[in-house]
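The structures come next, written out as structure tokens.
Consider the two complexes below, in which chain A is the common component and chain B and chain C are the respective partners.
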Partner chain A sequence: MTKTLNKLALSAAALLASGSALAATGAVADEFKWMTFAVFGVIIAITMGITYWAAKHTHTTSEFYAAGRSVSGIQNGWAIAGDYLSAASFLGIAGLISLYGYDGFMYSVGWLVAYITVLLVIAEPCRNIGKFTMGDILAFRNEPKKVKTVAALSTITVSTFYLTAQMVGGGVLIKTLIGIDYEISVIGVGILMLAYVVFGGMKATTWVQIIKAGLLVTASILLVMFVWMPYGFSLPDYLQAVAGDTKVQAQVAKLLGDKATTMTAAELGQRFLEPGLFLKSPIDQISLGMALVLGTAGMPHILMRFFTVPTAQAARLSVIWAMAIIGGFYVLTLFLGTGAAMLVGPAKIAAVDAGGNMAGPLLAQYLGGGENSMLGNFFLAFVAAVAFATIVAVVAGLVLAAASAMAHDIYVGVIRGDHATPQEQVVAARVASVIVGIMAITVGIMAKGQNVAHLVALAFAVAASSNLPAVFLTLYWKKCNTGGIIAGMLVGAITAIALVMVSPNMTYPQAVIKAAQKVIEGEPASEAKPAVEAKPGEGFTCELFAVCKKAEPAKHAELAKPAKPGTREKLVTLQARLDAATDEAEKKTIQGDLEKVKKAHDKAEGDLKKFDGQTTSMVGLEKPFFLLKNPGLISIPLGFLAVIIGSLLYRDQRAEDMWDELYVRQNTGIHAEAASAH
Partner chain B sequence: MSKPTMNWAAIDADPRFQALHRKKTTFLWGLMIISTVYYFLLPIGAAYYQDLFKIKVWGVVNVGILFALSEFVVAWTIAYVYSKKANAEFDAMAQEIINDAHKMGA
Partner chain C sequence: MPLSKTHQEYWNKNLRMTAALLLVWFLATFPVIWFVRDLNILSFLGFPLGFYMAAQGSLIIYVAVVWFYARYMNKLDKKHGVAEE
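Right, the complex of A and B next:
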């Protein structure tokens, strides 16, 4: 096994090296790329060393799936943080704050509050009752084959959604950062992650996650020190400087459009610290909040982490540590985001990546001395390497969760009826990991260029609507049984998925074509419009479904607007100006503008070509039928309801008879799976 | 290593287990409701009480920013309060039951 491991490490290194040869342009300048690869190399070498060590201690199923239940509470807390803080939260939230200020920060709160549910109702009972998977918990007093099948399906569904989002996001991220080709990034991430999981199982995965969380926290603290120190660590003084920055004010003016014309510079800056620049629909946000608060506790890769600690007390301690780390990190993102907005500027951040994902890396580069400095690029290289470690760590946790559902629940539990030998079980676990890993790589490559933003929200929504009601009710409701669990998991998952399929998350060709035409052709002049008062809708249902009139917010009066030229016209005028320009500096700025306009033009043209002749979305809709981006508001209550109705209709005396045992065991830990003696 | 059979119904009926169950249920639901209500006040406030959120209280720092930061403090406090109570009280109560579990009704 050691030999194969070395070979794998070599091939991973070779892949990354070949990546540098193929590298196109990225945020890291070509002459500094070796630094990023050096930091990557160090991280890969250390994690491979750990995997080698872990592989020697991974022989039984308990070791493979649960690290022999020997992970300490503090270690598990760091590992949970490492499992949870995906690139989306690390780079994405800092980015949202850098572009939209307050709303971005507000968005981060739910990700921490989610752990209250995990702490209070899930972590300890699961540790006391469970073995390796969510299916084990559900099978405790229900018909094992039936519930394990449904639990495994749901686990694999949630993991695949989340995994695809991570793979695609990771591939794009690595390309934007260092310019490695998308496919190579995806394969590189996949092979590394497979090496950790297949050889080192949960033990290696845990340590990869701990190292990643440590790196992430260290990098963030250092950056925040640099950003905040000049203001003597005073919050008002620092935010005063943010609000007083002209780049920030320009961004707010851009976001507010016509409304900004009557505001002073100070008012614009202050607006950055107030809600409402990004999140528009409060109902949608509450729906998202529900999915986060209940979905995190139903995420299979998070649930699985509680089987790695020796006792329920250690599970409790691990959530406390995870909350301290995750919460502390999100508080730091406030400074990372606003710091990037003030020092780098929202316009520049959005120019590299429209979603703001590069805010953190660009801030690091700035703090180290800027684009052409050695230190600045070392900082950038370091942050890029942390982002890479982040993707690998999260993906490894997800693959392990999906593989355990496949091998432990489906193969061992359902197909073999729990009669597989320990050796067969470990082999099955490794084979399943390889299958899931290859699937993740394939799906990642196939989904290149696809819109995957909705997949993360969807994963949380399915976890909250399908997994959580089943787990929660089997732990806390005597009458819950097999019928309820099957009904609840299917109804919850199907509703969540169906609602997202008809939601604004999907791509609607008509809207894309219209937007693209607007970019190319420009907008005609418009006359002044009087203010319009808010119109109430025709009821709450109308806010959710496109069946009746939705409430309309008040509109400010608008001044007459001159016609806006499209990119087609702009290209011609800019080219003419470039030809006429004589001054070198002037030529350079025009050249830069020209490139930007060209990029926008090409993108719009590409959209037109891509959606030419199409009028409906994937499911045949011209525009969204469900008006929220997050289905939780509807699918979560439906999931709970289905468990309750299903249980009442199905009736199972055995499930009720076993309630005493379940309830005593989850509260006392009697007969809980013990730590293996290692 | 087969596990000894237990009389689960007897343990469940034990007054000490009932006391643990009652205490834990009230405490957990209380904390859960506080944290959920407090969390959803943030999006609701940011959407419907913007004038309140915009009031500056500490230099440029407004009510909204302090409220968002307070969400973190409240979450941490709830976690701390729960672990304190569980470590000091629930664990001890459970331990007593575990110690006597084999004797009960067996």
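Right, the complex of A and C next:
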């Protein structure tokens, strides 16, 4: 998996970029829209009914934040799976497999691999020590006001980054699927999610997650049955068919470029099942891998789920169920992805959305009978509704996490010094939810059209560099204390954010302008180039920072290339061809090409206009200073180091004395609920 | 609450099992992906092994690891009298 995982950020980027790939009409044809809305309506009605029921049972703080610790292990397992399978992971992975084969799996393995660390080292002790938030865990043997403030800041930072990415991704996704305006999509998602959280608290949020996970798994199993049935449910036969498919082979040939010319069709098909079609730069992948694996364990909305179960046994049971559901789902994506590649074809999937996010929905439509059939569009509507439920459910979980940090840690813990009546606490929690919700909607709308991919990477990087070292060391290191927690969380978060600000994730006007000019003006003819040998870099640091020369890989010899026309020239030639064309079908094709070129042209022009006169990025750099997309490789070790140094300098006898108590509690969970009462 | 001997023993066993399972986790993940091309020479259920591991094998091992951990810890809880009712 080290070769893995570039995925997260890229797929989020793809998810976001997808909006422009499709006309405002969406993937569902107009005459079938009513069906989509009907399916959406049913799902909204069911979840609202549950929220009404949950609201009647949500009066105390424990009920609001932790569903009264009444969620069973199995229910929690489904809810975790619901939290976990975000739209990016459920639409994204099938899409990546359909476009890139083996490298797509790296994404699913990468996600699940993270979960093991959550269970084995973090989940159970956290449930045993914490009450409602990460701040509670850290406050156990440290000075509550100080650590709760820092923990809440970190939680709100992580949640806001992730929330913004989800809101923007969700708005774009809904627009791509059914053509509702971006702003209305974002507001719709926001209001629904607020209704669940404010009225139903954790109980409603949990059940929304469970329903969503159930729908997702049902939809996937049905689709897989349809895909696999023609092969008599035989795996080898099925894979043979995938590798032998001409659309798949064409895709591999396209991805490999010149190298593919010497390969046979069978070799090309086989290549689809091997690595290297998508992921590059191993150091960047390791860095992202670290952030994902360790960041998942530091994600506040994931940690929070473990406070909802009554016992340690239930916590364990819930992880088994979550792993089985998520793992099972990813095994199914093998069929969804390759099935979409074979039946719909990578070219068509990429045409609707360059990131491949529409692979699952398009496969559903195909299996139901195609674009113009009733059943095909019903299938598509169902998958779209599941995607919608997914966005709302994940966003609800995040809002609840951010709101609990605000209300429980900051307001009740720090401002009121833990002296607030249960009624006041619940009111504070609801008010905080509304604040976070409105903020999410506002930021979501403001960030329209922005590339927010780096926000996902950033959320995981901050969680891994700030939250995880603090939580891990307070649980497992006797000498850890308040000084260490504060130093570690601040250093981890600030390094992660600062490195991203100077990384290739930011927009560098010069590069954008150059690319846009290339699109418009085309490329001049180039002469043949001889092969270039790999050049070693000037050391490992040079691979990370733009202070010295980094290693350059060997280049193949290039043949002379003719000039490539730019969009400006193409527009003229296409228009001329259109005017000359007489055949109706031919006219239509040219018209289609013309529109595509025009779109690319307008986008490039827009970019040129937008960045006209600018030469530096937001922080004043002409090109990236930090060369990796993800800061994890540097910020995570720094976070750990800062906790250790801070603890050693600060010295706190009480923290050491409390170690034994933590130790017992961590193991046994005795008094977990009693602790929450004080 | 003071730390009794049985707690100490329980904790040590817990840590040892966690370490062992993390090792399995590591082996099922990193080497399998680094050496995927070499593993593809072998065949499993009609698949190239490296491909199979990424598509399904590793995922199944993860679930098994978690299942085993929960079973082990539940038993350990009972044995040391720290199970919650």
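The criterion applied here is as follows: the second predicted complex is superposed on the first by the 649 of 678 C-alpha atoms of A that agree within 3 Å, B and C clash if a C-alpha of one lies under 4 Å from a C-alpha of the other, contacts with A are read in each partner's own complex, and residues count from 1 in each chain.
Everything below uses one rule, namely that a contact is a pair of C-beta atoms (placed from the backbone, for glycine too) under 8 Å apart; a residue touches a chain by one contact, two chains touch by 3 or more.
Owing to the predicted nature of the structure, the values given are computational and were not obtained by experimental measurement.
Trainee: Which partner does A:Leu239 reach: the first (chain B), the second (chain C), both, or neither?
Mentor: Both chain B and chain C are touched by A:Leu239.
Trainee: Contacts for A:Glu523 in the overlay, against chain B (first) and chain C (second): which applies, first, second, both or neither?
Mentor: In the superposition, A:Glu523 contacts neither chain B nor chain C.
Trainee: Check the residue A:Gln285 against both partner chains and state whether it touches chain B (first), chain C (second), both, or neither.
Mentor: Only chain B is touched by A:Gln285; chain C is not.
Trainee: Just to be sure I read the superposition right, which of the two partners does A:Phe105 touch: chain B = first, chain C = second, or both, or neither?
Mentor: A:Phe105 contacts both chain B and chain C.
Trainee: A:Leu317 contacts which: chain B (first), chain C (second), both, neither?
Mentor: both
Trainee: Which partner does A:Leu273 reach: the first (chain B), the second (chain C), both, or neither?
Mentor: A:Leu273 sits against chain B and chain C alike.
Trainee: Under the contact rule defined above, give the chain A residues that sit at the interface with chain B and also at the interface with chain C.
Mentor: 102, 105-106, 109, 112-113, 115-117, 119-121, 235-236, 239, 273-275, 313, 316-317, 319-320, 323-324, 327, 330-331, 660-661, 663-665, 667-670
Trainee: What residues on chain C touch chain A, complex-wise?
Mentor: Residues 1-3, 7, 10-11, 14, 18, 21-22, 25, 29-30, 33-34, 36-37, 40, 45-48, 51, 54-56, 58-60, 62-63, 65-67, 69-70, 73-74, 77, 82-85 of chain C touch chain A in their complex.
Trainee: Would you mind writing out the residues of chain A in touch with chain C in their complex?
Mentor: Per the stated touch rule, the residues are 1-4, 102, 105-106, 108-109, 112-113, 115-117, 119-121, 124, 235-236, 239, 273-275, 310-313, 316-317, 319-320, 323-324, 327, 330-331, 334, 660-661, 663-665, 667-670.
Trainee: Within their complex, state which residues of chain B touch chain A.
Mentor: Contacts found on chain B: 3, 6, 8-9, 11-12, 17, 20-21, 24, 28, 31-32, 35-36, 39-40, 42-44, 46-48, 50, 53-54, 56, 58-62, 64-65, 68-69, 71-72, 75-76, 78-80, 82-83, 86-87, 91, 94, 97-98, 101.
Trainee: Across the complex, what residues on chain A touch chain B?
Mentor: 102-103, 105-106, 109-110, 112-113, 115-117, 119-121, 235-237, 239-240, 243, 270, 273-276, 279, 282, 285-286, 289, 293, 313, 316-317, 319-320, 323-324, 327, 330-331, 660-661, 663-665, 667-671
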